[in-house]
Amino acid sequence: MLQPRVVTFLGPRGTFTEAALEQVPGLELTERVPVANVAEALTAVSEGRSDAAMIAIENSIEGGVTAAQDALAATPGIRIISEHVVSVNFSLVAPAGTRLDDIRVIAAHPVAWAQCSGWLQRELPGRAHLPAASNVTAAADLGSGTAQAALSTPTIGQWVDGLDVLADRIGDNADAVTRFLFVGRAGAPGEPTGADKTSLVVELPSDEPGVLLDMLEQFATRGVNLSLIQSRPIGDRLGRYRFVMDADGHIRDERVADALLGLKRFSPSVTFLGSYPRADGQRIHVERRYSDRSFEDARDWVRGLIAGEPTS
Amino acid sequence: MLQPRVVTFLGPRGTFTEAALEQVPGLELTERVPVANVAEALTAVSEGRSDAAMIAIENSIEGGVTAAQDALAATPGIRIISEHVVSVNFSLVAPAGTRLDDIRVIAAHPVAWAQCSGWLQRELPGRAHLPAASNVTAAADLGSGTAQAALSTPTIGQWVDGLDVLADRIGDNADAVTRFLFVGRAGAPGEPTGADKTSLVVELPSDEPGVLLDMLEQFATRGVNLSLIQSRPIGDRLGRYRFVMDADGHIRDERVADALLGLKRFSPSVTFLGSYPRADGQRIHVERRYSDRSFEDARDWVRGLIAGEPTS
Amino acid sequence: MLQPRVVTFLGPRGTFTEAALEQVPGLELTERVPVANVAEALTAVSEGRSDAAMIAIENSIEGGVTAAQDALAATPGIRIISEHVVSVNFSLVAPAGTRLDDIRVIAAHPVAWAQCSGWLQRELPGRAHLPAASNVTAAADLGSGTAQAALSTPTIGQWVDGLDVLADRIGDNADAVTRFLFVGRAGAPGEPTGADKTSLVVELPSDEPGVLLDMLEQFATRGVNLSLIQSRPIGDRLGRYRFVMDADGHIRDERVADALLGLKRFSPSVTFLGSYPRADGQRIHVERRYSDRSFEDARDWVRGLIAGEPTS
Amino acid sequence: MLQPRVVTFLGPRGTFTEAALEQVPGLELTERVPVANVAEALTAVSEGRSDAAMIAIENSIEGGVTAAQDALAATPGIRIISEHVVSVNFSLVAPAGTRLDDIRVIAAHPVAWAQCSGWLQRELPGRAHLPAASNVTAAADLGSGTAQAALSTPTIGQWVDGLDVLADRIGDNADAVTRFLFVGRAGAPGEPTGADKTSLVVELPSDEPGVLLDMLEQFATRGVNLSLIQSRPIGDRLGRYRFVMDADGHIRDERVADALLGLKRFSPSVTFLGSYPRADGQRIHVERRYSDRSFEDARDWVRGLIAGEPTS
């Protein structure tokens, strides 16, 4: 992708989603436009008002999995460019000089309040909660409000001056991460890296038992592993599902392209969301029979048979 | 289940989760205890402090799918008793006598604010947002705060007096529903109704391509349809998944019991979350070869062969 | 195939195999060389001493299924050109003027004797059997031997003069047919007719349960039906099998070519025996998702995705 | 089985089929009745005129595979008791004192003549062939006929006195064996030995691609390996097949019984031909998940769930 001029993200500034944007190289000169929800972020890309969007897709505290998946499936003309994993944790911050004993009211996004409830009950029992619209505004409004401290993100110091961190990593789950997707307009996918992922949305042709199996055989017979599968009601009538899937590999890997061919023939609707490098960089192990070489050899063999070349 | 004495639910009182509790018969004398999150609601059941819990499981605005699914998978000794679907929409409420023109500041849970953004932009553009901790507190605090109106639930009038409804059904998606599960302690499942669902969490024995297929064949070879399948990382190491699944039918249906037998032999871990009536009451169509009768006939046949009875 | 100069067949002249040769057009000027067994007939083609061979492949009274299948699998450089079905029945013949009452001894190939045992017991009980080396020599030697009549083929009159047919269609199974294959040297297969068959020999990569299933999925996921499948021990060590298969369709049908690609990647050894018109002329019904058009559309779609063309 | 009084076999006496009978213990006092073909041998059992029959089932020189398989499928009320493998080779025999140089005419069953053609061409080129009705009569008639020698079985000395063996093991394939089945009336199968085989004939419910796969999944999902599979046209109308199969294991092994249950529900017709010890005595390796124990554990688990016992 060329240098994007504008990217959209779930705002406000300073949230974990913007932290994910920090992982994308080459955005120094890019305008970052916060929007209200995932669908809006993607629509801006689809309609050309933005060049790319960062959206939370998994384990997010800022938006559910399914809303983002449904928005990806519903928005035409977009393509996933990369995925990013951000450690999701919380800090207790306060104006410089504040001590724990001074705190009576804590400003916090309601979800942050819930995620830190264990620590709060142990360390600051009985404090009042002042709801805030985001992890950033909770801290930004400290000077003008009734709260003495705020729950905020570890990077809040970049956005709000004059804060002390009184405690950090206070979320109840220390290992919590959110997975984000950086999504651009449809175009040729990047080069395969050997550690890629391909995201798809596939409808089943009918809802009989066994049809899901037929769909998954399209992957299994090509040695393509799935790292995510999720059924989502299509919504037009009961019992119809689409499946959101992440497959190991890149559309330019022969086995993945062949699985896509099989899916396309099988399904009334296949949406290709993109082939892009895995955030964890883990290379895919491919058995020899599913290697590009094996596909090319087989094609040569069938071509030879049709041409009548002498073969065994 | 006997009359429960105590049920837990994601608080506060008056939310959509409590609306779901209204659908459960026989709770007139039951104490309803609001708790901070889904895991806490289930743990209270598991540890005996509560007899049952109501949790949002799908499309919820009050909690993501995956957190609830993971909590169900992780909490021992619980069983789903019933499912409930609640229409999720929002009303704009204000102290009696308030007119739309009077409104400058609107109190709202941040998620409600986002879900009504379309209506707000059209009808009340430029109004300020006062974040609230829940759809109930947004309305309850109207008298004492700076907001003139609140986004709240359609049933808020049961909980807060003196309110006028200025607009209702103002959520951007008029058909939005949340699916809830009523969860009790492990025990014998209820009688089959012909319109049942069985919920399971299953681990795969390995992460090779094709193993997921082997698992799903356990259902397909018994004619059992899946209405939900969702992969969830197990979290102990990369690439290991468990699958959360809803299968059509009841554990006391022969085909479902047989699929469970197959799963149990196949998987290092199968968690049975319960067999319970579907919220939509839709009866399952079962082909004759998967009927209870067909299973019984086959068993008689094999018994006869082993006993050496004259058979064709 | 050009006009063959020499064809081999399981002799002697006048047998059902030669009757099958009558069904092949364009053999008027061709030398027909009888040989002792199927392997010899095929080897003559493979080594260039013959241009084609006619061999019985199924339900034959002149050779078992498996010997012919094993010879097809073992002989390199050959290709099936066409299949032919011959009604297999028997006549009782005798020198002109012979009456049934005159018959004391009947010359017959042992297999023919067995196949007519029902009729013989009813109509000519107690007659002696003089074994003959073929259905033809049984009749040809009548003049010089001790037998008064012979069991022979319906067409024996073409080969031996001066015979009366005393009874015909006396085989115990009136509908018996033998299926024959006309086999030439490897070369480009003929044009698809819409009513074709493709014959293959495939080895499994291992003998674990489920590997046969993986092989058959290569056909099923492309909508290719099998009209014959037969396991044959490979013979190098216990438990290893090859599979002789007839698939509906022609290698130049996209779905068959694609199944061959899948087989080639899967199996340590795939032998293509040929694509040729079915003897029964029955056209293959192909679902739209397995049509050539569906394969071409899917390829265009994937090519477009890789090229970054705007697609849905 | 009790001591049988009468057994039928494909005659005449002294053939390889009778050699197979020698492998069955406890037939010392049993009357052995030769019959003309496989169907007759089995019908005699089915109708109670015989207690058991020995028939050649594979690689036989005395009858094709398919005729015997079709007869097994068609004859009601029978059950395979055991299988037997006989080395099939030929000896050149002659009245005591005969030298190779004396031989001008050789009596031989036509199939034996074909099977020894390589040796005959090398060692006795140009000798005449006197067709015989069996390998036994070829030798037995040497005294009274025009032949100086005969092709016969290695055991012919038990049946015909005064013969010298001039050459043995002269068949073109030194390793040739025939597999025989000893078939009795339907009754309780013998005890499992850990090295057993189960033979079945199964019809497919329809001829769509994928239905064969569904059938084989009944075996694969229970870890049951197939050592033989063969499609046979049913014959009532085109395109309908039955499948003759040998599965590893015994009907009293849980995994085999469970596969039979699955087949019975799936297929319009399943014929159980018997569970019996393998001729090669090779023990079946069973993965733990397919062991009897695994089946029993899974049943206990499902029973506990239904009863509401506390389980994980």
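We call the chains A, B, C and D, going by the order they appear; numbering starts again at 1 in every chain.
Assume a residue touches a chain if its C-beta (ideal position, glycine included) is under 8 Å from a C-beta of that chain, and two chains touch if they have at least 3 such contacts.
These are the chains along with the protein names UniProt gives them: A, B, C, D = Prephenate dehydratase.
All values derive from a computational prediction rather than experimental measurement.
> Spell out the chains that contact subunit B (Prephenate dehydratase) while also contacting subunit D (Prephenate dehydratase).
Output, common partners of subunit B (Prephenate dehydratase) and subunit D (Prephenate dehydratase): nil, no chain qualifies.
> Is the contact between subunit A (Prephenate dehydratase) and subunit B (Prephenate dehydratase) built from the same residue numbers on each copy (over half shared) or from different ones (under half shared)?
The interface is built from the same residue numbers on each side, given that over half of them are used by both copies.
> Could you tell me the distance, in whole angstrom, between the mean C-alpha positions of subunit A (Prephenate dehydratase) and subunit D (Prephenate dehydratase)?
The computed centroid separation for subunit A (Prephenate dehydratase) versus subunit D (Prephenate dehydratase) comes out at 61 Å.
> On a C-alpha centroid basis, what's the spacing between subunit C (Prephenate dehydratase) and subunit D (Prephenate dehydratase), in Å?
24
> Can you list every residue of subunit D (Prephenate dehydratase) that touches 2 or more other chains, as numbers and ranges?
210, 214, 217, 220
> For each chain, which other chains does it touch, given as pairs?
In this structure, the chains touch in these pairs: A-B, A-C, B-D, C-D.
> Along subunit A (Prephenate dehydratase), where are the residues that touch subunit C (Prephenate dehydratase) in the complex?
Answer in residue numbers: 76-77, 186-189, 214, 217-218, 220-221, 251-252, 257, 260-262, 264-266, 271-272, 289-290, 294-295, 297-299, 301-302, 305-308, 310-312.
> For a test of understanding, state which residues of subunit C (Prephenate dehydratase) touch subunit D (Prephenate dehydratase) in their complex under the given definition.
Those residues of subunit C (Prephenate dehydratase) that touch subunit D (Prephenate dehydratase) are 36-37, 58-60, 64-66, 109-110, 113-114, 117, 129, 131-134, 137, 207-210, 212-213, 216-217, 219-220, 223-231, 238-239, 241, 243, 280, 282.
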